[in-house]
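Pasting the structures in now, so scroll down.
Consider the two complexes below, in which chain A is the common component and chain B and chain C are the respective partners.
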Partner chain A sequence: MAETLRLAPTRVRRGLPGARGRRAGAGRANTVGLGTALVFLLPYLVLFGAFIVAPIAYGLWISLHEWDFLLPGKPFVGFDNYVELFTSGSVSSGPFWAAMRATAIFVVLSVPLLVSVPLALAVALKRRFPGRNLLRAVVFAPYVLGVAVVGLLWRYLLDPNVGVVNYYLGKLGIDPVPFTTDTPWAWLALVVPTLWWTAGYNMVIFLAGLQDIPRELYEAATIDGASPWQRFRNVTLPGLRPVMVFVVTITILASANVFGQPYLITQGQPGRETRSAIMQIGEVGLRQFNMGRASAMSMVLTLALMGISLVTLSFLRERKARR
Partner chain B sequence: MTAARGGFRAGRLVLFAGLLGVLFLGPLMWMVTTSFKSTNEVSQAELSVIPSDPSLEGYRRILDAPQAPVGRWFVNSMLAATLQSALVLVTATMAAYALARLDFAGKKLLTGLVLATLFVPPISLLVPNFVIVSNLGWLDSRLAVIVPGAAGAFGVFFLRQFFKSLPVELEEAALIDGCGRWRIFLKVILPLSRPALATLALLTFLTNWNDFLWPLYVLFSPDNLTLQPGLSTLQSAYSTDYATIMAGGVIASVPVLFFFAISQRFVIEGVSRSGLKG
Partner chain C sequence: MKDLVDTFNGEHPNITVEMTTLQWGDFYAKVPNAVAAGAGPEIAVLHIDQLATNAARRVVVPLDDLASELQLTENDFHPVVWSAGIYQDQRYGIPLDVHPLGLYVNTGLLGAAGVDELPADRAALENAVAALQESGVEQPFWVTATWPAHLMFISLINQFGGSIYDAEGATATFNSEAGVESLNWLTSFIESGASPGDVANDAQAQAFRQQRNSITWDGIWMMNEWAKVDGLEWGAAAVPVIGDKPAVWASSHQFVVTSQAAEDDNKLAASSAFIAWISERSIEWAKSGQIPARNSVRESAEFEALEVQSILAAQLPDVVFPPTVAGIGDVTTPTFELAVNEVILGKASAQEALDAAAGKADDLLADNREKYGG
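Entry: the complex of A and B
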């Protein structure tokens, strides 16, 4: 995402007769009529229009109606669905804000681990040693499984009665922990599997970032007598800054969109405490078919998510400007 | 110094590698061995990694269940992910080429519009796309899990970056040789873009393969489900019959893990490019 801000370097055309030295792709050679361009663009634009642009507008429209998917009448209600969300004690506000709160808790608990653990793994697996590619593959492997396998597997491992984790805790003389049915344990039952599942993904992106830090910087730091920790603080971290902002952004967004883990592992338990915002929207909109309400919820969540992206991206710009 | 510099001391290396192995492969090993246990053994007070009395009960039960056709779900997922990747490759390469290279009225505006949607959270599209797909008559059909997901702007963004990095002189030379726009695109640009196309296909495949929320709601019939929503039904169907559930998990994972094992370098390289190197 950070990439969109980084414009491709301006390249000057040269060498050919008639070249006017404008930016790449903008020269006379590549000037085409709207017709030719449209032929190239049309297949994508049909998809883009139908499943990206139209639903953005349609979603807003739906949110202004009492839109029951199964009923023919869909009366216009203005901003009622939104007002309801912000009226405490209304049917939709309580569960929605509880779900938003659960989502926020999950973000706060998971993101620091989902960033720091992969970073540590990347630094360790950047070193040269026999078998490092194998180890990278091992760490990455869970990611290819998909959330359903991850959910079923961890649901078993953390099962309060017959689960493996409680079995081994029992060997240590610890009473069974209600991992999937009671807080605060349920948070652990969501965060740990998420870490296991996605650590490899962030690690791989960090590894790519680490490769771009010039070797000479480490050598210079070593000659200056910097300790490994000082090298990490003063060479690795500053060198990783753009990658770091990117990883933090996508990780916050991914955690804020959490769905499969609470759906499968805790099923929102205890009560509705670990039910995430996406779970709530799916439940209200696509199970109970109260689509007006669900669309209003989606819009509120969307604004929150876009706010997060803007904050992290402005942070990136600020850092760039300061340099 | 040489041993420590950029490397590990042997003892620590073994410890570190062992730890990672246990943490990341341990859970998978439990899945595999549990799938070979009898229902009885799974719920026993004493657990052991190795099944005391190996049994195929779980596999038999999952393969016989008409409401849980795991093999079919696997095929459905394969088809959906493959066809969506193909659709993305065709539509995104063409559009990205136009936006990266051709010069036409309104290009800047269109590029801005397409790229801006990268920032639109997918959740805002969930409910309206459900209604749109239902109006198209695509609910509970393969099209629902192939077409809408191919509309995302990531492919266009990714390939546009790549096309911009190719030297313009190549196209100019081809134009002078009398090539048409299509020939240039098909014979000059696409062959040079094979690595980028492969990476995009892989990323699209992985995303589609892992997608859970959307197929969970737009597919209903047991026979039409893809793997992720399909597997999630095992939990309610078999509750704590973990031998059967894990057998389903193993059937779903073995082909993917096998594919990953033989192509891990390519997969890891591809994912690393989804970040900043795009």
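Entry: the complex of A and C
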């Protein structure tokens, strides 16, 4: 069983049956010359350098200064901005770590749902039944909306006093729930709209992944007497592993970069409890024009996200190696 | 404003003004960048609490010469707004308007409750609330936890004899007894049930439109929003005196000329012509729910005919502006605006929240002094 299963991810990644043959010729490619490879890579490297590497390097440079691009003096302060972030009681550390904490809570609450619900939807909508395409479109539809639309829509739906949701809860005899102004409700007011908004995207990726799992595996499993749950557990999930790695990683990153939902729906309320890291970085960098400080915050956030991504990747990979 | 600009362009074939409208949130982030890159506007209108910041960041240039060339003096404007355009002894802003908070009341409901006059002081307001409750309006005065709660707080703390900052804008003073009293007064309505708790952004205005919230403090510009609601009978009055003396939050839009225009004499001359022309015709602007800063316009019969604006214009002697210190506008949000939110949501006691916020504000103010060399 395990042997057959490993084929699925391999096929997904290499695509063509001939892939093995090409890999055998890889040694020859080396002898063709590094130059040829570089020429092929160049367009990508230019873009990658100009839009990823250079801005990161520039951001790192800014984070070592007290930087306001309009002021003539941009004094070099070394690692002061970073030291400040890790000194409790300083101007920037309290709000920043509160925002990091809020972001972490949002990630922990949203990612499991943003992975499991789309997966369930994908499995359900993979079956053939009338209206399947319509349902797929309906689930995906909110994703085409901008965050401003989503935010305003849900803000009015969930308003504690004048919102529609509380109106109907009231009809059922339930007291108004402070969805947008108090925790833990505010987390619900951030996670549910995010789920409604982006579940369709992850679902589409899962659907594509499901198409790549060979039908013979399901047939074999059925003949072996596997129940639907066992088929899901032992055929679908392992078959989706590479897709799962991708979905989990990008979902964590997307959730960690949450901005529009707390900015519009809860406005960081109560106090700064639902204020996300990006909101805080934006306020410091673009409102208070302390770009040095804001860049240092971004660097810390980036490092944290790189760390989390590595952990996720190794976690999902390790399980594969154990099999 | 668009119509004004079109008329101006028609009358001045040698000058073309292109108007761009931005969200204020975007404005203060984008315009400085654009001006630095030479791709921004030559003239802009900005809020009084952002004037010093933009002057210190050299986004806008001193207008003393322009003012004297146009022969504009203190006598042409209300003294409060005119002096608010000065930063470090130089004039950067030519005032366009003043926009204070006002009291809005559902006069239909208030009349039904047997009260004919709009409340002007604490006792009258509290009586009106009680009368409305007796007449069946369960929650007549919604106290919001977000905008414009901190503007109410600014009005109240000054009424109780306190202030947000000291006169130099060097330290925060809002954690005073007056500050605590102001917040306690606001939260008392939630405690007594006259206001629902957890009033989120816009909910109090939405409820005012739906005739559920019958008393609200909001910006003068909201008058046009109420006017759109069919069947809503409403009236406006000066913000009631809750403390010991009248005081009301206000802001002012000020014309500024960017450093981009200053490099070109023609552009500078055109900017000056435009500002002078608009200033004289700011009655059109007043109709959108603003009080003209220009005396000749504010004292005209045309302005007197604008009922709500005239009523709220009576507050001009009592308006409170922040000190013109660079960066001061950005101290508000993370400090006392946050404290007001926490206290109204019942997350912290008034003294505790204000003390914490004042500490933060002092740090930010010190930071700004170092940064802008103020």
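As a convention for this text, the second predicted complex is superposed on the first by the 259 of 323 C-alpha atoms of A that agree within 3 Å, B and C clash if a C-alpha of one lies under 4 Å from a C-alpha of the other, contacts with A are read in each partner's own complex, and residues count from 1 in each chain.
In the analysis below, a contact is a pair of C-beta atoms (placed from the backbone, for glycine too) under 8 Å apart; a residue touches a chain by one contact, two chains touch by 3 or more.
In this text the structure is predicted, and so the values were computed from the model without any measurement.
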| item | value |
| --- | --- |
| Touching partner for A:Gln269 - first (chain B), second (chain C), both, neither | second |
| Which superposed partner A:Val162 touches (first chain B, second chain C, both, neither) | both |
| Which partner, chain B or chain C, touches more chain A residues | B |
| Which superposed partner A:Ala37 touches (first chain B, second chain C, both, neither) | first |
| Which superposed partner A:Leu286 touches (first chain B, second chain C, both, neither) | both |
| Partner chain(s) touched by A:Leu207 [first = chain B, second = chain C, both, neither] | first |
| Which superposed partner A:Pro95 touches (first chain B, second chain C, both, neither) | second |
| Touching partner for A:Leu153 - first (chain B), second (chain C), both, neither | first |
| Set of chain A residues, in rising order, touched by both chain B and chain C | 69, 155, 159, 161-162, 286 |
| Interface residues, chain A side, partner chain C - complex | 66, 68-71, 90-91, 94-95, 155, 159-162, 176, 178, 180-182, 267, 269-272, 283, 286-290 |
| Chain B residues within the chain A interface of the complex | 6-8, 13, 16-17, 20-21, 23-25, 27-28, 30-31, 34, 42-43, 47, 87, 90-92, 94-95, 97-107, 110, 114-115, 117-132, 134, 147-148, 150-153, 156-157, 161, 164-165, 168-169, 171-172, 175, 181, 185, 206, 209-210, 212-213, 216-217, 227-232, 234-235, 240, 242, 245-246, 248-249, 252-253, 256-257, 259-261, 264-265, 267-268, 271-278 |
| Contacting residues of chain C [partner chain A, same complex] | 28-29, 32-33, 36, 57-59, 142, 145-146, 196-203, 206-207, 210, 212, 327, 330, 333-334, 338, 341-342, 345, 347-348, 360, 363-364, 367, 371-372 |
| Residue ranges of chain A touching chain B (in the complex, touch as defined) | 1-4, 8, 11, 13, 15-16, 24-27, 29-34, 36-37, 40-41, 43-45, 47-48, 50-56, 58-59, 62, 69, 121, 124, 127-129, 131, 133, 135-142, 144-149, 151-157, 159, 161-162, 164, 167, 196, 200-201, 204-205, 207-209, 242-243, 246-247, 253, 257, 259-260, 263-264, 277-278, 281-282, 285-286, 291, 294-295, 298-299, 301-302, 305-306, 309 |
